[in-house]
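Same chain, two partners: chain A is paired with chain B first, then with chain C.
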Partner chain A sequence: MVTTSVKTDTVVSVKDLKTYFYTEDGVVPVIDGVSFDVRKGETLAIVGESGSGKSVTSLSIMRLIPTPPGKIVNGDILFQNESLLEKSDKEMRQIRGNKISMIFQEPMTSLNPVYKVGDQISESIMLHQKASKKEATAEALNLLNLVGIPEPERRLNQYPHELSGGMRQRVMIAMALAGRPDLLIADEPTTALDVTIQNQILQLMKDLKAKRDMSIVLITHDLGVVAEMADRVVVMYGGQVVEQGDIFTIFEAPKHPYTEGLLRSMPTAAKKNGKLYAIEGTVPNPLHFPVGCRFAERCEYAKDLCRQEMPQIQNLSEDEVVRCWKYTDRWEA
Partner chain B sequence: MGLPNPVVNQSKNVNIRPQETELRYESKLAVTWKRFKKNKLAVTGLIVFTLIVLIAILAPWISPSKPDVYDILDSNLKPSAKHPFGTDSMGGDIMTRVFYGSRVSLTVAMLTMLCSVTIGVIYGSISGFFGGIIDNIMMRIVDAIQSIPTFFLLLIVASLMVPTMWSTIFVISIFGWTGLARIVRGEILSIKRRDFIEAARATGEKNKSIIFFHVLPNAIAPIVVIATLDIASVILSEAALSFLGLGIQPPTPSWGNMLTSAQDLTTVLDYPWAPIFPGMFIIVTVMAVNFIGDGLRDALDPRMKQ
Partner chain C sequence: MPKYIIRRTLQSIPLLFIISIITFLLMTLAPGDPTAVYKNPEGKPQNLEMIKKELGVDQPIYVQYYKWIKLLVLHGNLGYSFQDGRPVTEKIMERVPATLELMGTAIVISILVAIPIGVYSAVKQYSLLDYIFTAYSFLGIAVPSFFIALVVMLVFAMDLGWFPVSGMRSSYDHFNLWDRVHHLFLPAMTLAFGLIASKSRFMRSSMLEVIKQDYVRTARAKGLSERKVIFKHALRNGLIPIITIIANRLPDLFGGALFIETIFAWPGMGRLSFSAIFIRDYQVIMGTTLIAAVLVVLANLLADILYAFVDPRIQYGKS
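Take a look at the complex of A and B:
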């Protein structure tokens, strides 16, 4: 197993993680040997289609996999050099929302409809800090200011349904920041928002990352968002990492045919006429993954070798990792 | 929302910041009350219910007579200045007995409702929240209890005990919680799958605070409605038990046993005031409580448009 070398400034290190779901139809290897590091102060984007396992990866880090049916069966997750998998439930609760926070895809439904925004933020403040209700409310006001909500005094007294989607996502971010986390996991934070709001939220996250000196794991299927935000990129396919590298390498010189395909299917202004490129085929059913490379069926370079044997993940350079036969000695043979 | 809010009005002058930067923070209770007040029917219900409660509390001072004073020569008298509600077949003053009866009936109704709501909510929450095998076992127990013809079981249990007010409360509440438990469980099953519950987990909250802070408040509307309907059905159950001699025993008056003693055809036709007054108190109380429940449901749910 080749992984990127653990550096001292690594915040989270995921090592050969396997999260399986035990369903009536059989065992589903949703995450199948995923490794990556998140460094201090960087934004790491996890990219992939629906069903590639990116959300389950983030839930595994939070230890919020619904058990049963899900279970982390192998590997380790180190957070600030301590294994999260060995933590008790109580210790995990101390970490969630405090050291690792998460924001979700659906701002419309991720806030409790019966509480005022102010109450919800101060609740999450009081959960991790010794603060009176009054202090927490004052801090909630600060947070609302920080995330750029206009008229924060008024917003404190409003219910979630009185806010717009973008505003609610800002509130979610404010709640996530309540514990001053070292790591913020954002699971498709802008998917449910319209484009102009999307941009504002991304900009906000960028600013906050710098201000609060945190790392961000950004889960998305939108390469435009990746280009805007990420320092490094992990590309996932069929529960595995197929490529990992810094943003420039991924966009300028993608190695894996899947990454290549993803980039080609991005709409750009230059390609005004003609059809948008799409990768043929669909993601294989995780119940019946092929023996060989999981992308082989859809890959234009695939050879017999690809269908017979699973390629191993390998380092091309210190920062670049790929899982493809093309970059091995056996390709030309 | 349509609430006129001074801060909203200020915000129209975009560049002028509110001069008071002090936090104006309304409590949940204040908001609920504000919304409740807008429902005229609910407010009427509350006023009527408060009056009945006051009558119950002040019964010894405002009654024209004593509940255990009978004058057989004055039996079946029409309503008059001396006996505003008339007298019953034993010569007891009906107004006095209705007033004292409200003490008994309301105490039984409220305490029973409290007991069965407490049991039902806790039981239903545990069952719905933990799901799986726990839920399965707990709900089969409810099935078993519900498949027993409750009233006959009530009779057996009641006959094993000396009938008093407390035994009546006990007997009605031990079987009264199952319906609520089912409804709470159903609500919680659906609420716990909503996104904000997962978001709450992601902020590191405990199961206990997730149940009490996030799940239950979202289920408050059906709980309140069931609880108010419960008051009505308890008043009726108490009447039925009293009728069979296993509830509140005369001479202690309750609305139930007053109705019972006035239920034969002669009384209904010739001395209608005997059943009418206690019956009216039952109807008025039940309606008032139902209106309050309705108003509370709307006031507690911030999504309801006013």
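Take a look at the complex of A and C:
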């Protein structure tokens, strides 16, 4: 039973979301019953391996799932207490890039190569703020200043290929801020960037979050980035949430064996001589998910129970959620 | 940019030179010669020898070529037709307007029709209409234009009688727009039929490539309408490769379509070349071939220049 009450400080509430892809090989349950809340002013990190469904979750919130083959088949997404799934295409367009913005992993290819940077930013401003071309250009200049681009006047008239990767990601962020969003979804925003540039971009996002009073959903597979940025963490595996909790609990006392494994495989200075830990095996093929726990094959604690029956998601405390048999009465039995 | 254009132009001179040599060799080595049309079973062989001497074809090939190129380089003169002794330049110039009219119409129509078809097929991939357009494309590419010409002639001109069978106008007395359009319709449509088939195919694959790009997703994430996403963000990128294809067809504007002009008795460059080849009028063949080669070179240069205009990533003359 999914609770229907929404706390007043919740910006987005994803409830039992299922997004399936209908392919020639069969139905792929890419997102299979995902629930989480994003609270006002927080940064929520969604962590998981490639194929765990984290990007599709964010595209589902934006309602940008390519249909066909993808389709949201179950659940709901509430944004400021209104269902996004019930919105018309037109209403949805007024939310995208305005109330909810998104930045992507590949700054090199996410900007249109044939339009000037300034025009791409002011296009968003004119669309969402009913501004004239001149006002929009002025605002675009403000935004470029805000995201810390040197010589912003010159950049306005440059094309994306004339900017570096870090600079382009700043442009993407400026574009995302055009509509003063309440929620910024960042899908692996620093994965394609150099380490030094990564930190600058993360710092920028932190500053902007405070300045603009937004919430951030940060999708990443990099626990270093999570530690740096997140207030709360959602861990995804095989299209499901396996654990959810605040940053301290996740890092200090992880509950799910998968989260534990993820943390142990993080390289640290202390592990100088040792071999880097790796979770054995690979993510199961979503076309043939096992009936039981999807992580059981790779889990060092797994029992017959784990392989026979899927564990349900349960609250350990108000803020902590886990999907694992270890935390149930049936574990010892 | 000007430097680039000058460099490209200079580079094309040796190319044109080689093309002229090859054409000359192929033409003179082919069986038959310009005097064949004068052959008369009862005539005296001496007469033929006299004509050969007069035309200069009795001399070795390299001497003939030397004379031809000398005239061209020193005087810009393409020589004189073997058939009637008129300057080749003059003969070509009087055929240019007819070819421009026919090919211009066919190319403009094909662009206007092929681009929307290509965009639609890409955006609605695997829809019923996409399948219909695809079937049409295969037909248009596979069936030779002379066959289509004969079919439309048979159906629309002979059986239905909607259009004149051939020619460019009914009378030379006065200009009649309706009459000209009426004559233009069948040959222009026959040419457009094939051009649309290939261009719409290129446009479809180009757009399919573009609409899965990240920046198209970005455009959607901005909240733009699907119309703006496709026609502003995707189309401009999708058109870039099409420009080369269109520019490469520009020489046809002047070269004409050999078969279509001949079948429809259209008095253009294509028919001029065709009849010149038949009667081994070396001078006219060299003239039309050289002009076609120059146009191909120019069209390629034009394509490259246009490229730089539509795609800001391409710049010439900068290291």
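The definition used in the following text is that the second predicted complex is superposed on the first by the 328 of 333 C-alpha atoms of A that agree within 3 Å, B and C clash if a C-alpha of one lies under 4 Å from a C-alpha of the other, contacts with A are read in each partner's own complex, and residues count from 1 in each chain.
Going forward, contacts are C-beta pairs under 8 Å (C-beta built on N, C-alpha and C of every residue); 3 or more make two chains touch, one makes a residue touch a chain.
No experiment lies behind these values; they were computed from the predicted model shown.
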Chain C versus chain B on the shared chain A, clash or fit after superposition: clash
Touching partner for A:N98 - first (chain B), second (chain C), both, neither: both
First, second, both or neither for A:S124, with chain B first and chain C second: both
Chain B versus chain C as contact partner of A:T109, first or second or both or neither: both
Which superposed partner A:L64 touches (first chain B, second chain C, both, neither): both
Contacts of A:M175 with chain B and chain C, given as first, second, both or neither: both
Which superposed partner A:V47 touches (first chain B, second chain C, both, neither): neither
Partner chain(s) touched by A:H161 [first = chain B, second = chain C, both, neither]: both
Touch count on chain A, higher of chain B and chain C: B
Contact residues common to both interfaces of chain A (with chain B and with chain C): 62, 64, 93-98, 101-102, 104, 106, 109-115, 123-124, 127-128, 159, 161, 172, 175, 178-179
Footprint of chain B on chain A - complex, ascending: 62, 64, 92-98, 101-102, 104, 106, 109-116, 118-119, 123-124, 127-128, 137-138, 141, 151, 153-154, 156-157, 159, 161-162, 172, 175-176, 178-179
Chain C residues touching chain A - in the complex, by the definition given at the top: 213-215, 217-225, 233, 236-237, 240, 310-313
Chain B to chain A touching residues, read off their complex: 1, 5, 7-8, 11, 18, 21, 23-26, 28, 194-196, 198-206, 213-214, 217-218, 220, 300-303
Partner chain C, residues of chain A touching it in the complex: 62, 64, 93-98, 101-102, 104, 106, 109-115, 123-124, 127-128, 159, 161, 172, 175, 178-179
